[in-house]
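One chain, subunit A, appears in both complexes that follow, with subunit B as partner in the first and subunit C in the second.
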Partner chain A sequence: MSRLLVVLCPPRSFSSLISTMIGQHPEIYGFPELHLMIRETVGEVMAWERRCERYTGPPGLLRTIAEIDHGAQTAETVLEAANWIEDRLDWNSAWMLDYCIKRATEVSGARYCLEKSPSVAFLPVALERMRQAYPDALYIHVTRHPLGLKKSLEEFVRESHRFTPEQKQVRLDASMGAWPVAQRNLLDFCASLAPGQYIRIRGEDVLRDAAATLAQVAEWLGLRTDAAAVEAMLRPEESPYATLGPPNAAFGNDPKFIDKPKFRPGNPRLRSIDGFFESAEGQAFDAPRRDYLAQLASCLGYQ
Partner chain B sequence: MGDDSEGAGDVGGSLTHLENATLVAFAADRDSFLTEELPESLLPQGEEEFMSRDLFSADYVEFLYAKRDVNETVRGVNRGLRESLLEKPHLMEKPEEGAHRGAAAVWRSLRDQLHEESLQKIDSSERDELLLMRSELELRRAVVESVAKGLGALLKRLDDRLAAIGAEDEPPAAAAKAPAKKG
Partner chain C sequence: MPEAPPLIAVRAPRLSIEPGLVQQRLLLGDEPLAVGLMKKGAKKMALVADVAGAPVALWDGAAASAAFARQEGPGIWCAMAGGPLLRVETAASGGPTVVERLATGAPAAIGHVGNTLWGLWPGGPGKVPEVAPLDPEPGARQPGPEPGPAGRISALAGTGAGALAALEADARGGFRVHVLEPDGWRVMTEAGAARYGFNAAVVAAVPWGAGLAVASGMDLTARARVPGLAHRGEILRLAPDGDFDILAGELRVSPWGLKVPLAGARTEAVRERGGFTHLSAAGPNLIAAMETESGHALVFRFSAEGEAQTLGQVAEPIEDLAVGPDGTVFALLGSPAEP
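Now for the complex of A and B:
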């Protein structure tokens, strides 16, 4: 069975793009967001999903089961997958993840299976559950500039049709706090890993020079770094999870990524954190919060 | 403002840019941790420890409570609307929403009748759980009735159409049974 490789990052951190790119390496099978380790059992995962009005289960998990067990993602195979999952509500979440890894290995012969579920960045319990269940897993911590994440999060909330104006406002008021909380969780988590067990990359570096950055990742994993392998990672749109799924499991990755899954190199402009704190919005933060955020950002290579 | 850090590959927490040769040497020894005992978690255990970790973590807990309160209010307001929407799936904002809810409700009803899950819960659950179950079963019934109503309308239309066709032409089966006329 192949080894688990986990991309750690909060939402809105290029996670769908970067995970799918890495997952396109010929020796890696890239899953969409499985949302499994957020709870202890499959039944608890499904209860959480239904609370979020995803009635048949996590779209990424449904698409994965449909793909690896039925060879296609159609409304019918997704319903079959949902039926199959429903019969296993008493399973431990890690058993379900093991099943996905085992089947993906059989189907693809991959040496690693890549999982990313950004919500775990906010759940210390889920992170620890994953570490205990997969002591041999390897981790890639992907970071994004705090102001880039804040802007992306705010756009996502404003454009969402799911939230009422009140629900949007609560989220917008806290948008600056998401980055330090998630990054602190991930830093604390990585501190309890062995030094060789994780690598940290900046999402912006992938956008600037994907070939070099992803080749380093492949090298660290002990995988092929030839031109064909690197070029495969530059074509995320070829992943079976990069397009819109059937109506009963349409997403499983960021909708914006699914809308435009091709990799477009760029040189993201990184705003100055000090400059933000001088703005009217930044003035709302007191000195201890400003210092803390600036230190944390500096620790991750952002000024 | 540009960023002058070079840290594309920051391995093991160090912020040093690594040449590929160094990375290979590092990767060769990467799995040595597998023989070591799993270290203690450094993540906060429980809400109090999380809140006292730093100011943003404390803010985050407050945010979670605020989010929960708003969500509960919205759910309370929407409950009646959602129930009536289930009875009128065509009013749902997106066709997918109707399909998801409808398929899930019909499917769970079938499962229930095959495995008698609700029946077992009814005999062994507390009052609160039973009230929740009643709400869930009523919703399912609304969907199933809506589906049955739709199927009834389709069957009626089909029968009307068959009757109309029958008036125009004799059905092939009837024609086959008719005795052949002798010259």
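Now for the complex of A and C:
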């Protein structure tokens, strides 16, 4: 069975793009967001998703079961997948992930299966659950500049139809709060791993020089680094999960990524955090919070 | 790797000097060790010529920091921030003697490159720092490296290739190394020091091999800002062309390809959590001290190939690290708390 490879990052951190790119390596099977490890059992995972009142389960999980068990993602195969999962609500979440890994390995022959579920960045208990279930998993910690994440989060909230205006305002007011919470969780988690069990990459570096950065990730994993393997990672749009899924499991990755899944190189400007603190919005941060955020950012290579 | 040299922990009172904070250490000619000591409270500087020697007070005066640099032969330069620049000879009978006192104002940093001592004077706001050779006669000052908007030049060091290097650090993180070349200063680490780990500040740097060995990590101020954040310090070997190796630390991607800690993931130097605090070059080897999370110190030796060997453990943090002429490694312990 393939080894589990996990991309760790908060939402709005290029996670769909980068994890799909890495998942396109010929020796990796890239899942969409399975959201399995956020709860102990499959039943709890499904209940959590249903509280969002949208799908019968995590769309990434439904699409994955449809794809690996039925060879296609259609409304019918997704329904089949949902029914199959319904019969296994008492399963431990890790058993379900094991099943996905086993089937993906059989289908693709991959040496690694890649999972990313950004919500675990806010759930230390989920990170610990993953570590207990997969002690030999490898982790890629993807970071993004706090101001880049803030901007992206605000755009997402403004464009979302899921929130009321009041809910939007609450999220906009707290948009700078997500980054330090998630990154601290991930830093603490990575510090508890064995040296060499994780690698940290800046999302901006992937945008700037994807071939060189991802080739080094492949090298770390002991995978092929030839031109064909690297070029495959530059075509995320070829992933079966990069496009809109059937109506009963449409997403499973970031909607913006699904809208435009092609990799577009860029050179994102890294704004000054001190500059933010000089702005009217930044002045609302007291000195300890400023120092905390800026120091944490510095630890991740952002100034 | 050859047999490990002995590690000797030395507490300041054994040196017959008053309790205080060890600021600098040097090898002095045939003497095994010299220790500069800043007395707490009284703000006095003392110099001890050897492990068994008696203290020699060089001067009194308010000072916050000091720097030493060794000269060929028996002399050493001593400087205090805001104080005079002194040249001291240790060969005189009765202990070290001040043989020269320059009124030029002490440099903020002194670096030893080959047989030349260099001093650096800070430029002040909006002004480029200045550097000048100190040996044998103070030379005309010339422009130093220009730090970035948030940076300041904090130290000088010679590279193993014989070039003068200046370390730039900013208040919260990141560092750059500037190297003096015939046509001016060049940033050696513009991309090489780009990092995604915890090398937020340079805590020690020494010439080693053809380049510099740099210990980087979080200082006390940085740690206080993010309480409880676990971290592993790292040691980089910076090559003159900007490439680098990681001796101990986190693996990472880089413009030069994947960098994997040369010491190996299973070694104590990589596995132990804490921060490297002191470096000392000993011929082809590098000696490094780490303060662990549990509060004790580990001392390692790295070979030129990066192989790591644990020399020993000291039950408390150390104040400084020195290597004697016979290879003996001295870990200098802090003084007991004053009553």
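Keep in mind that, in the parts below, the second predicted complex is superposed on the first by the 302 of 303 C-alpha atoms of A that agree within 3 Å, B and C clash if a C-alpha of one lies under 4 Å from a C-alpha of the other, contacts with A are read in each partner's own complex, and residues count from 1 in each chain.
Everything below uses one rule, namely that contacts are C-beta pairs under 8 Å (C-beta built on N, C-alpha and C of every residue); 3 or more make two chains touch, one makes a residue touch a chain.
Just so it is clear, the model here is predicted, and its values are computed rather than measured.
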| request: In the overlay, answer first, second, both or neither for which of subunit B and subunit C A:Q216 touches. | output: both
| task | Quick one: name whichever of subunit B and subunit C touches more residues of subunit A. | result | B
| message | Quick check on the superposed pair: does A:R131 touch subunit B, subunit C, both, or neither? Answer first, second, both or neither. | response | first
| said: Which partner chains sit in contact with A:Q303 here, subunit B, subunit C, both or neither? Use first/second/both/neither. | reply: both
| Contacts of A:L270 with subunit B and subunit C, given as first, second, both or neither | first
| said: Per the contact definition in the header, classify A:R289: touching subunit B only (first), subunit C only (second), both, or neither. | reply: first
| request: Would you sort A:E86 into first (subunit B), second (subunit C), both or neither based on which partner it touches? | output: first
| What is the contact status of A:P240 with respect to subunit B (first) and subunit C (second): first, second, both, or neither? | neither
| Which parts of subunit A are touched by subunit B and by subunit C alike? | 184, 188, 191-192, 194-196, 199-202, 205, 212-213, 216-217, 219-220, 288, 292, 299, 301, 303
| field | Residues of subunit A touching subunit B in the complex | value | 54-56, 79, 82-83, 86, 122, 124, 127-128, 131-132, 135-136, 138, 145, 161, 164, 166-167, 170-171, 173-174, 177-178, 180-181, 184-185, 188-202, 204-205, 209, 212-213, 215-217, 219-222, 247-248, 250, 269-272, 275, 288-289, 292-293, 299, 301-303
| field | subunit B to subunit A touching residues, read off their complex | value | 1-5, 7-13, 15, 18, 20, 23-24, 26-27, 29-34, 36, 38-44, 50, 53-57, 59-60, 63, 66-67, 70-71, 73-74, 93, 95-96, 99-101, 103-104, 107, 111
| Touching subunit C in the complex: which residues of subunit A? | 143, 184, 187-188, 191-192, 194-196, 199-202, 205, 212-213, 216-217, 219-220, 274, 288, 291-292, 294-296, 298-301, 303
| message | Please output the residues of subunit C touching subunit A within their complex, sorted ascending. | response | 150, 170, 172-174, 194-198, 200, 218, 222, 225-226, 229-232, 250-255, 257-258, 260-261, 265, 270-271, 273
